Amino acid sequence: MEYFLIIISAIFVNNIVLAQFLGICPFLGVSGKLSTSTGMSMAVCFVITLATVVTWLLNHYLLVPFGLEFLQTIAFILVIAALVQMVEIVLKKVSPSLYQALGIFLPLITTNCAVLGVAITVVTKEFTLGGSAPHMFGLAESAVYAFATSLGYGLAMVLFSGIREHLALSDVPKPFKGLPIALISVSIMAMAFLGFSGIV
Amino acid sequence: MAAKSNITGMALCLFLVCLVCGGVLGAVYTVTKQPIEDAAAAEALAAISEVLPEGGEISSVQQAGGMEYYTSTSGDEVKAYAVKSTAGGFGGPITIMVGVLPDGSIWNTRVLSHSETPGLGAKCTTDEAFISQWKGYNGSFTVKKDGGDVDAITASTITSRAYAKALAQASALVHSLEGADADAASGASVKKEEE
Amino acid sequence: MAGKNLSLITKGFFKENPTFVLVLGMCPTLATTTSAINGLEMGLATLFVLVLSNIVISLISPVVPDKVHIPAYIVVIATFVTVLQLVMQAYTPGAYKTLGLFIPLIVVNCIILGRAEAFACKHGWWESALDGIGIGLGFTATLTVIGIVREILGSGSVFGWKFISGDGILAFVMAPGAFMVLGYLLVLFNKIAKK
């Protein structure tokens, strides 16, 4: 039950893009076409889940026991950067077809603040879900939260790229062309997502 | 492939960068450690003294029932407790410092952190009518909608419920602490109730 | 020379405005501008990291091998962000709490790595410092403007000074308002810039 609540909360209620403002740059950058946005979503999904598990372990077994929590930021970003590189190398060897699909997005992910944001959130924030007592997430909960969050990222991205494909064809006043109208569309999407608030 | 000397060069360079950065961070951490602790302590103390009756020695932090609490004593007598209590609100945990008298009634409250909706649930920090009803409160800790006696913030029943729940937890904690005290020195809590 | 220095500083406001022209660092721009003061604080925090990392990166870039320059720069930036975190926790704990997650996330703010790559590694430390100040001030000004607009519409106040009683249009302090205000400001900027 708790996992179910985590998933609903992360995908809809606290959607990472529309409510938490993380990962906006790639969200705006590659959402022009449906195909690229699915590719990016899958790459993000993979990296966020993996990075959160690794950084959670790093934090729990290395930083906390030695009282080095103040190194969180620097340690996490290095782990994420190294991880992204490794994923890229492994993917290239193991599955060239998947690499073809995700490869170009991977370097962009290091500076996607969604990855670092989720990794830091799960080790610093207390969660309450469905009236349960506030507590820090364990490893399994963190992994589920990270995975669900990235699904929420994918959902927002795919929905938005659908809208953008239509926007590209419509007659928009000149100063609104491109980013401004995109931002205003996101705003309306975010308003729609506000409707989910409070269900968990 | 890159030449071997090149790899050594790269490794050496990264190593040096990390070494220097680590050194800088260690130094800054050592310098700021005390001020950070002081700032946190000052903030906690400000919250505690706001929710407790004036006067009395404030103890260092103690733990019971999974919550942190502080006591205010004059002489040997515990005059009030400040309990840090958390409950799940609308947007996430609401953490409240609750001043509780030994009989379990509330003296004053202060929200330490919350992530409620601005203009709705977030009013739990500013809505005078809501906040002031807690002074001297000792009732059912249930909002009127659920058949209790607490006036909820307009359109923010979930936040109000969480607030009441956090306070109820604090009050219950004090009851159990006082109960334990009463076993040790029977009659003490009765005497306090008369005050 | 003086004219060149001046243009390095002023370009951040208009010609190379990080938000409106370069469209970088969107996450803090949207997330922390719920009020003018929050936007200002976030801008200054970014300015601090940007100037220092620009200076250090311009100094070390000649000796860092090409292949490892990104990891080296990230370490430098992350170090300054951690220094900022420690200093803010010690001396401005209130602001640290409000800005929360977005302080450590300065590490992945594309503005900083972007300036390192595009400017600091090709120029001397003095010009890089000025570039950092210019872009940083431009970012601060933009965030403050967005913050002012959102605060006026959302809470009916400017820098905490309230000029209406009651609430503003709440949507503007929440997520949808952030996107909308930025969208319309961008329209305004485009309109003025293209004249």
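Order of writing sets the labels: A, B and C. Residues in every chain begin at 1.
The definition used in the following text is that contacts are C-beta pairs under 8 Å (C-beta built on N, C-alpha and C of every residue); 3 or more make two chains touch, one makes a residue touch a chain.
Just so it is clear, the structure is predicted and the values come from calculations on it, not from any experiment.
The chain with its Cα centroid farthest from the Cα centroid of chain A is B. Counting C-beta pairs in contact across B-C and across A-B shows that the higher total falls to B-C. Chain centres here are Cα means. That of chain A falls 22 Å from that of chain C. Inter-chain centre distance (chain A to chain B, centres taken as mean C-alpha positions): 31 Å. The set of chain C residues that touch two or more partner chains comprises 71, 75, 78-79, 82, 86, 174.
Each of residues 21, 25, 29, 117 in chain B touches at least two other chains. Touching two or more other chains at once are residues 70-71, 74 of chain A. Interface of chain B with chain C (complex): residues 2, 6, 9-10, 13-14, 17-18, 21, 24-25, 28-29, 32, 35-36, 38-40, 43, 113, 117-120.
Only residues 21, 25, 29, 66, 86-93, 95, 117, 158 of chain B touch chain A when the two sit together in their complex.
The touching residues of chain C, counted against chain B in their complex, run 34, 60, 63-65, 67-68, 71-72, 75-76, 78-79, 82-83, 86-87, 89-91, 93, 97, 154-155, 167-168, 170, 173-174.
In the complex of the two chains, the chain A residues touching chain B come out as 70-71, 74, 125-134, 197-198. Taken in their complex, chain A has these residues touching chain C: 18-25, 28, 70-74, 77-78, 81, 110-113, 115-117, 120-121, 124, 175-176, 179-184, 186-188, 190-191, 193-194.
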